[in-house]
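Naming follows writing order (A, B, C and D), and every chain is counted from residue 1.
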């Protein structure tokens, strides 16, 4: 945990956002420190909207987003990426027409770190990618393309990694592998991780704290250890 | 539940896959045999794809979707062009909030009630007869939904959504498919919409509703079909669905039963 | 009757303005209401012009005027209507880019056919022998009457457009223009409506072309260049694509200003008229399109005014 | 060609993510098989395969050419006379792919490329090959200028698709007639020595046409390589493929967009210079070619950038073959327009669905 005086790594205040004039997020407040922070919620709760807004791809209609104390509410996505936000959307997370190497290179274009070093680190985390660099990313399997998407974000050397449903649609073995990798990325590199997940059990296995979203409003943030089935059922309206 | 015969949609052995992934795999499902039926399921359950296949905007890889009308006739839906769906009484609200940006609220409503004959390029007096034939109904809906000025163009997301539902009602559906009818609406408007849906169902229309606000599902539906991973897992009354261990597991993940 | 006071060029200039107003009005139905990008107006107009001219001159008609004119003009309109139907079918499912290429391609086809089929059309040399279906004694009188007839025809087109705005058919066209999938989901046969619209409006464009042929009495492939399309489009967009009077006001301010006011009332060196003025005219129209769309895309008259229309219809 | 798929589609409200995010696994027990299937099931397409097929086809054509005079003539004349078409289409396609704008004013970029070359050549007294590149660069800068002055402003003001096309149409005509003021009404010719004729496959070709063909081929390859191999080319493709994801990866859209307009203008300008040296430079130089460029891009773009190149080459050869056959170039254009329109009707980009019903 950071020192008491240091600002949280990511801080969200009264966040409102949506598509056009359709409001989706209706006032969210939370702060994330160096941890794995999971956002839970059923279909349509606004999880994807929240991450896209944090990545600055959707306009903020009200409220603010601060990254390490710096207000990034008005920054475009290309600038927040340079300030250390890595974003892996759930859909369209790779450039399908580009090769795996090119996908990773796109992420490696910002920052001072040499490309080779970044690639080496990505291959350390995802060894499967090493012999697939020449392939067209669109031809990869679901699990592999998810690895490419993650790898591309890691190439940016981010301080915060936003993962939107990182394991949706993957087979159970991949799911396990992915959560293991997520834990590794957090503990090994000190990257703060914010992920959304529909499946509460999976998320609780890796997260330090969780928040349940329902119809654009957030529940109180719960420490993973305190979460009970009843509290979850209530937040999910089940 | 009404005793009169209702129109229903029968889905048999319907399969659809995208890029090798099976998205919908339904053996048999009858939609609309109760007044209000809810379609529920977590992400990726295939609800939207199923609805689109019913409307024939997505074609299934295999299987049959048929409409059993209340008058006893049967129609294969997958051979109908989109614009003929409404002629057979199958109407669906739009999932994305959208509207005609040049048409006023009244225009939109008149468009819904106009029949093909009215829209022939040369027919004098069509507008007048169209208006006088439908004036009462249009006025009552306008009042009920709180549209103060029918000659304005719908502006806010809420207005557009309301108007969309209004258009669906004016098309006099025998089966109405609603995709998130209350998303983005203020509470008091939601209440009005639900009230109208109930009335419509009581009058003999079958309503099938996909909704993310589970409170609405529990409160409104006579029966709920629960889908996950493209399959229909169960069809039961809301209370049983709500208490079912599989449903909880699918929503929260294994271990939270 | 002596018409010596009247400048012959003023009559033909006014005829041109009235003609472009007619084309602009028809384009308004296509672009303004239904939002189908027709960049090949000259193709439909030109097909009408050439069909009329070729039939009128090359066919040995067994009957005299005005039947010779009426039959040829009817055939020209039908040919243009049929072409409109085919082009509309071609682009019905395509987006604006497809519509651009389809209509542009069609106008190129008309130009190529007019050039290559020279035993019929006279090709690059042109074809004479067209004339008025009546004779009042002097050319000037004949032209003046033809101008009056053209004005009456364009008046009828204006009336038709005005009427379309006030019918369920017009509402359907507007609905297609602003959200075709939604209209389709409401049980509207949108493709059918688009085909009908194109057949009617393109047929009328062909009729205007036939009228033009009588006035100029000569087929010239130079008239098949982009000028007609540009003039109709620039006028319509300046006036306002969504309004009935948009084409009228816009064309008067563009073509009217250039072809009548400047040509007649501004003292310019004579040698400018052959080269500089036509070039300047096109350049200004082009620039006008850019400036108007950038700063006032709805045109001088502004947005479509359904609310007032509706109120007038139903409260009164 | 698809418009860049917008990430987290800004213009669509929050929708159920059912379609793409499908959970497809069967019962848990089959999980292991799925992993195996995922990693080895699909064999990815080999990029080299298409190229080798095309090379084989080219070799076959050359063999055929040595046997048939007609084929030889079609190939040689088609390739040399319509080489610039490929260059023009490549630039246009690049712009279309990234910005989604069907820029009618591209015709005038081509024309201006021709005029810049004539102007530089006559005012500086340089030879044609010395002025080609500067002329292309000037055309590229002009292209960037029109983006900054007009299309960027229009995009920010949310001008609609149809209006965008009408604007580029207006700009095209403004430039075309503006050119007539600046450069006069006369057709201009390059001052080049009467060419020697070289025999290729038994067909006599003026030497400068062969040089032009070589230069166009080289430039097309260079531009293609720039897009495929360089860092900026990568950013261009990333932005074209998925604008949102590219931005979230740190790609700065303005820089890259300017680059695209420049490269597209460069290609157009070069094409114009080569068109010009092949015949003459006139205000209608570009607009005469525009329809063909549009059709090649729209039809070739159904596949990808390489598709544009191949459709361009094939169009050039088909045009010549038919001209030789019919004895009139206009008929071949007619046949081509019909053929392309038919392809568009069948495979063209559909109307964007404003509503998912």
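Note that in this section a residue touches a chain if its C-beta (ideal position, glycine included) is under 8 Å from a C-beta of that chain, and two chains touch if they have at least 3 such contacts.
Please read these numbers as outputs of a predicted model, since none were measured by experiment.
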{"item": "Per-chain Cα centre nearest the global Cα centre, belonging to chain", "value": "D"}
{"item": "Contact-richer chain pair (by C-beta pairs counted) among B-C and C-D", "value": "C-D"}
{"item": "Furthest chain, CA centroid comparison against subunit A", "value": "C"}
{"item": "Geometric centre distance via CA averages, subunit C-subunit B, whole Å", "value": "44"}
{"item": "Geometric centre distance via CA averages, subunit C-subunit A, whole Å", "value": "57"}
{"item": "Interchain centroid distance [CA atoms averaged], subunit C/subunit D, Å", "value": "33"}
{"item": "Inter-chain centre distance, subunit A versus subunit B - centres from mean C-alpha coordinates, in Å", "value": "34"}
{"item": "For subunit B, residues that touch 2 or more chains besides their own", "value": "21, 43-45, 55, 82, 92, 94, 97-98, 157, 180, 183-184, 212"}
{"item": "Subunit C: positions in contact with at least two other chains", "value": "179, 182, 184-185"}
{"item": "Residues of subunit A whose C-beta touches two or more other chains", "value": "20, 22, 43-44, 142, 165, 168-169"}
{"item": "Residues on subunit A engaged by subunit D in the complex (per definition of touch)", "value": "18-20, 22, 24, 43-44, 46, 48-49, 52, 55-58, 76-78, 81-82, 85, 87, 89-98, 102, 105-107, 109-110, 128, 135-136, 139-144, 152-153, 156, 165, 168-174"}
{"item": "Subunit B partner contacts - residues on subunit C that touch it in the complex", "value": "164, 166-169, 171-172, 174-175, 177-179, 182-190, 193, 196-197, 200, 242, 304, 306-308, 310-311, 313-314"}
{"item": "In the complex with subunit A, residue positions of subunit B that touch it", "value": "21, 41-45, 97, 156-157, 180, 183-184, 212-215, 242, 247-248, 251-256"}
{"item": "Parts of subunit A lying in touch with subunit B, wherever the complex brings them together", "value": "20-23, 42-45, 142, 165, 168-169, 198-203, 215, 229, 232-233, 236-238"}
{"item": "Subunit C contact footprint on subunit D (complex, rising order)", "value": "102, 104, 150, 153-154, 157, 159-163, 165-167, 169-178, 180-181, 185, 287, 291, 294-295, 298, 328, 330-331, 333-334, 337-338, 340-341, 344-345, 348-357"}
